[in-house]
Amino acid sequence: MTRRTRVLRLPTAGPQDTAPLAAAIAAGDVDARSIVAIVGKTEGNGCVNDFTRGYATLALKLLLAESLNCPLAEIEKRVAIVMSGGTEGGLSPHLLIFCREEVSSPAPAGPRLAIGVGLTRPFKPEEIGRAAQIEDTATAVTLALRDAGISGPSDVHFVQIKCPLLTKERIEEAARRGAVTATADTYHSMALSRGASALGVALALGEIGEAPEEAVCKDWSLFSRVASTSAGVELLRNEIVVLGNATGWAGDLVIGHDVMSDAIDADAARRVLANLGGETVAVLAKAEASPTGEIRGRRHTMLDDSDIHSTRHARALVGGVLAGAIGDTMLYVSGGAEHQGPAGGGPIAIIGRV
Amino acid sequence: MTRRTRVLRLPTAGPQDTAPLAAAIAAGDVDARSIVAIVGKTEGNGCVNDFTRGYATLALKLLLAESLNCPLAEIEKRVAIVMSGGTEGGLSPHLLIFCREEVSSPAPAGPRLAIGVGLTRPFKPEEIGRAAQIEDTATAVTLALRDAGISGPSDVHFVQIKCPLLTKERIEEAARRGAVTATADTYHSMALSRGASALGVALALGEIGEAPEEAVCKDWSLFSRVASTSAGVELLRNEIVVLGNATGWAGDLVIGHDVMSDAIDADAARRVLANLGGETVAVLAKAEASPTGEIRGRRHTMLDDSDIHSTRHARALVGGVLAGAIGDTMLYVSGGAEHQGPAGGGPIAIIGRV
Amino acid sequence: MTRRTRVLRLPTAGPQDTAPLAAAIAAGDVDARSIVAIVGKTEGNGCVNDFTRGYATLALKLLLAESLNCPLAEIEKRVAIVMSGGTEGGLSPHLLIFCREEVSSPAPAGPRLAIGVGLTRPFKPEEIGRAAQIEDTATAVTLALRDAGISGPSDVHFVQIKCPLLTKERIEEAARRGAVTATADTYHSMALSRGASALGVALALGEIGEAPEEAVCKDWSLFSRVASTSAGVELLRNEIVVLGNATGWAGDLVIGHDVMSDAIDADAARRVLANLGGETVAVLAKAEASPTGEIRGRRHTMLDDSDIHSTRHARALVGGVLAGAIGDTMLYVSGGAEHQGPAGGGPIAIIGRV
Amino acid sequence: MTRRTRVLRLPTAGPQDTAPLAAAIAAGDVDARSIVAIVGKTEGNGCVNDFTRGYATLALKLLLAESLNCPLAEIEKRVAIVMSGGTEGGLSPHLLIFCREEVSSPAPAGPRLAIGVGLTRPFKPEEIGRAAQIEDTATAVTLALRDAGISGPSDVHFVQIKCPLLTKERIEEAARRGAVTATADTYHSMALSRGASALGVALALGEIGEAPEEAVCKDWSLFSRVASTSAGVELLRNEIVVLGNATGWAGDLVIGHDVMSDAIDADAARRVLANLGGETVAVLAKAEASPTGEIRGRRHTMLDDSDIHSTRHARALVGGVLAGAIGDTMLYVSGGAEHQGPAGGGPIAIIGRV
C-alpha cells in the first residue's frame, strides 16, 4: 500500500455550508476516515469578534461526527480544522480538505505532495509566546516531517499551525500559581503565540540558528519562509500540518512555495507557478500591513484606519495581487504574519497537479 | 508657442495636505495659473459620509486662491477638482496635478498627451440621470476633444467627469415646479448621474450608437471604455476633462488605455504598459463589485457585507490587482463604474513618459 | 393541572454559549420538554452577513436535541427560536427561555403571564410581503391568542414573529411558475415580510380596520403597538409567539407594554415599569432610525452613515435610552420596526414579577 | 461694564457648515470679536482617521478670519476650537459658541455662568503624559479660574482642555536630543496626554492631593469630576476653557454638573437638571466603555468589537442614556475619559437659563 495526499477545494455558500463536503462523502468521492486536515476561509472579520470560524468548525464537526458515527469531541482529535476569517476584496469562501489515503498503486518515481501532522503537549498559559512554545513546536515540526516522510527542510513548502491564545481565565489560573504570562492583553497574546509558533518552524527547518524568546514579535529579521500560524481559543496545544514533497507518495499533486517580499510582490507567485506548471489546485498565503507604513516607498493608510482593521485591508490587497497573477479569487489568504516571511511580506504556497 | 501637458503626481500626508503642491509652486516648478485639473485619492470611505473629499478640495482651493491672489469662488471656475475617497488595501493617497503650459519649443513629430476641458450648462434636477444629461454631456465631450486638438475618438484614452447629484432640496425645488426627478433617493441619484454621464461619453465617442435614457443603470451592455465619472454635491453642471494623445502638443508624456473585463483582469494593465513602454507617471482606473456576485465563477462576498461597503472592497481588490501588475500602489482607483467598462470591470488608463 | 409560564433570562458569553441553559437543565431547574420559545440577542451586526444568529440557533438546537434525545430537525418543530443580532452600545448578549409548564397548584385569582404559539402554512415566494401573509398571520395570531387563553386584544402585550424572506432561489422558483414576487431585492424582502407580518398582528388585534397589501412598507400610519417581527432565511412559515396576561395561568409573572413614540421616549418605559411594579424579569423593544432624519427636530446622522448601518445606531440609541430608565443593559432591543409602532418609534414590553 | 457669557447652540448640516454662525454674525446677533471658544460635535469616527474635526476647524477659522479681517493663523490665538468627532446613535452635530461680552447692565445678585481661558507653555515631546504636563496644566487651570473670577473649586463645573499628542516626528526630535518620550505609540500618547491633563485639573481643584506621573492611565482611583480633555495634533500647549458660576457676571445662564458613576447613570443627569431648573442650553458629557467589560454586572461587547471602536459604542450608549433623561439629542458627548470621572463613568455638565 502507498500513501497518497488528496486535496479537495470546495466552495461554500456560508460558514455553515457543509453540503459540498457532505455530497463528496455521500458520493464516495471522499472517505471521511481519510480526512486529516481542513483549512478554510470564512466570511467573518478575522478579528476578535469573528464567530464565523467557530460556526464553520462546529458545522464541519457535526458532519464528520455523523459520517464517522462518533461523538463530536472525537473529531477534534482526528482532524486539524483551521478556519481563517476574512474574505475581503474578492476572496472567495472555500474549504481545502486534506485526505491521507492508502492506494494499491505503487508510488511514482518523482516526489509527490506529502502531508504530516503533529501535536505538541498542552502549554501552560505562562508558556505561550515563550521559549517552551518555540522549542516544543520545533520538536513537533521535526516529528511531523518524519511522519510525512519528507527527507529534509528544502522539501517543506508550507507549515500550517493552529496555536492557543490567552484568555482572562487562563491568565488568572497562572496567576493563582504565581506564574506570570507573557502578556496580560488577550489580543496581543494571539500575536505572541503566532510569532513563537512561526519561530519554532524556522528553528526546526534550520531557517534560523536560534530563536530566543526575546525575539518574539520584536526582531523581525528572524522569520520562517513557510510558516503560517493561526491562534484560536479552543485548544492549548499547537496542532501542526506539514505540506511538502516526498518520494514514496502516490497521486498527481505537488507543492511549491516562495516568499512575497512585500504585499504587492506578484513575482513571487509567478515564480511558484512557473516552477510547478500544470493546473493550480490550491493557493495558501499570508498577508499583513507593512509596519513601516509604506509599501515600496508609498504611504499606505491601513494602520491608521479606525473603521477597517489593518488585517482586513492586507488580506484584500494580497488577495488582489495574487488573483491578478493567478487568475482566480479562491485563495487562502490569512492575516497576521508575525515571523512568517519578512515584515510586510509573507509566504505563498501553491499546490498543483503534475 | 506650443501647448504642453504636465502631470505631477504628489503624495499627500492627509486630505488637508497641500504642502507638496505649495512647495512645487514656491519653487517655480509649477505655475499655478497653468493648473487646469486636479484629480486625487483621499482617505475617506468614498461613500455618502465621506468628508475627506470636501476637506481636500477646500484645502486646495485655499492654496490656489492664495497663489493666484483671487477669491475662493474663482478657483472653481478655473480648475476642475475631482477627489475620489477611499484608499482601501494598499492604495496611496495622492494628487495628480494637470497643467496646460505654453512652451516655446516646437511640438515633436509624434502625438503627445493632450488635455481638453469642457462644461455643460447647469442641469435642472429633473434632467439628472436622463436624456438631457446624456446628450449635453456628449456635446461637451465633443467640444473638449476639439479644445484638446484630439483628432478622433481612437486618440481619447480617459474622460474624467464630475457630475451633480440630487439633494432633498433639489428634488423639492423641482416638485414645486411640477417636475418629477428620475429618483427620490439621493444616493441612487449619484449612480444615475454617473451612468448618464458615462453614456454621454460613449455616445460622443461613437462607442454606442444611441443612449436611450431607459438604459441608464439598467442596460449594462452599453458602456464607454474610457469614461470615469464621479458625482458630487457641489455643482450642477458636468465638468469634463478629456485626456488623449494629439499632435501639436509638446512634452514627453503619452497616454494609453484598455478595459479590464473583470476586477482581476491584470492583463489589461499589462497590455497598456507594454504599448506605452517607458516610465509610468500616473494610473487611473475604475472598480466595482461584479453585480452577479461572482468573479470568474467564484462567489465573492462584497455585496452581502453590511460592515464594509462593496465599493470599498472593490477598490481594495482592483488596487491589489493593479499594484501587482505595475509594482506601485500610488494608483487612482475610483469606485462606482456604472456604464464605465463592462459590468464588474472598468477602464484602466496609464500616462507614461516616452 | 394548571398552566404556568416560566421565563429564564440567561447571560451568554458568546453566540455558541449554551452552558447556562445546559446547567439549568442538568440541575432540574428547567425541563427541556417545557421550552416553547427562545428569544435572544447575539453579538453580530444584525444585518445581511450576521452569522451569529445561525450559530446561536445551531448551538441551542444541539443542546436541546441532546437533552430531549431527538434529532436536530425535531427541535425546529418544537421550539420557536428567534435570535436578534446586534448588541451595540451597552446591550448585553442573553437568552430568554420561555417555558410552558404544568403545575398542580391552582391558578391565582388575577391574570398571569400567558404564552401562546402559532404557525401559518408555508408561504409561496410570491405571497411574502403581500395580502396572503398579512391575512394568514392574522388568523394564526387569533389562534395563538386562543391557545394562550387570552380573553381579548387588550390583554396582549407582545407578539414576536419569525417570518421568511426571499432568496434568489425562491424568486427564481416562483418565476418558473410564472409568478412574480413582491420584490427582486432579497434584502428588501426582509422589510416587506416583517411589515406584512406586523400588519397581520395589527389586523388580528383590531388595531387597524384593514391592512391592504399596498400599505406594506408605504403607509406608516398603519401599525401594531405590540408586534415585533424578524425575518430569517431558515423558514417559509410565520412562527408566532403571543405574550399576554390571562386568568387560569399560575406563576408570579405578568407583562405590560407601551409604545415609544420616538427613539428617546424613555417615558414609555417608565409608564410600563410604574404599572407593573415589582422586579423586572425581561425587557423587549424595537428600534429604528427615524426615517425623517430627525428626532424631535434635531438632525441625526444614522441614515447617511456608510460605515455603521442605521439599524446598529438605532439599537445602540434605544438600548441607552432604556438602560438609563430601567438601570439594566440586559435588554432585547431588535432593529427593523416596519409597522411596529409609529415611524421612528416602537413597542416596549416588560415582564415583571408580581 | 460687566462681563457676560453667551452660549449659542447651533445645529450643523455637516462638518463644513458654518452658515448658522455666519448668519448670527451677519445679523449682529454675535460679535465675532467676543468669541473665545467653540466646542462642537462632528460626524467622523472620533478615532485616528477622523478628518471631520480638522475640516470643521478649518471652516470655522475661515469664517472667523473673514469676519475679523485677520489672517487664519491669528484665529488660533484668539479662539479655542475643540471639535469632538462621533455622532453615534442619535447624537446631533452642533456647535457651542462661547462668547465673552461686555454689557452695560450691572451684574445680578446671584452667580452666573463665567468663562475663563488659559494656556500652558508649549510642551516638549518628552513632557507629554508626564509630571510637567500635569503640573503646568494645574497652574494654568488656577490662572483660568482667576481669569473667570470664579471664587473656588466648588464653583467650577466643567474644564475643557485641548492637549497635544506625540507624532513620529516629535518622538524622533526628542530622540535626537537624547530624550525618551512617555510612549512610542502615537495613539497611546493621546490617552496619556488626556490623562495627564485631567489629573492636572484634579490637582488644581483639590480633587486629589497629589498626581504622580506613575498614576497616568494606571491608577483609575485618581480622577477629576469636571475635566473633559481631548488630544489633537495641531498644538503643543494645553488650551484650557473653564466653565463655572461666579458673581460679577451678567446674563441669565448658570451651569451645574455631576458625575455619572457608570455609562447608564441617568440619575446624575436628572440631579443636575433638578438643581438647575429652567431651560437647558447645552449639555456636555464624557463617555467610555467600562474597562471591566461589564456594566452593573452585565457583560458588554464594546471592547471585543473589531468592527466598531469601543469609543463609538460608548458615545452612542451615553448619548441614549442622556437623551432619554433630557429629551434632546443635541448633546456634546465626547469619548476617551481617562481620569475624567470614575472608570466607565464620566462628568456631565449642563448649562441652563435661570
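List of remarks:
Chains: A, B, C and D, in written order; residue numbering restarts at 1 for each.
Quick note on the criterion: a contact is a pair of C-beta atoms (placed from the backbone, for glycine too) under 8 Å apart; a residue touches a chain by one contact, two chains touch by 3 or more.
Because the structure is predicted, anything quoted here is derived from the model rather than measured.
Ranked by distance of CA centroids from chain D, the top chain is A.
One inter-chain figure worth recording: chain A and chain B are separated by 41 Å, centre to centre, where each centre is the mean of the chain's CA atoms. Annotation: 47 Å between the Cα-based centres of chain A and chain D.
Residue positions of chain B touching 2 or more other chains: 43, 45, 49, 301, 304-305, 307.
Taken as a graph of touching chains, this assembly is complete, with every chain in contact with every other. Of all the residues in chain A, the ones that touch chain B in their complex are 11, 13, 43, 45, 87-93, 263-266, 295-296, 298-302, 304-305, 307-308, 312-314, 316-325, 327-330. Considering their complex, residues 45, 47-50, 301, 304-307, 309 of chain D touch chain A. Considering their complex, residues 14-16, 43-44, 49, 51-52, 54-55, 58-59, 62, 307 of chain A touch chain C.
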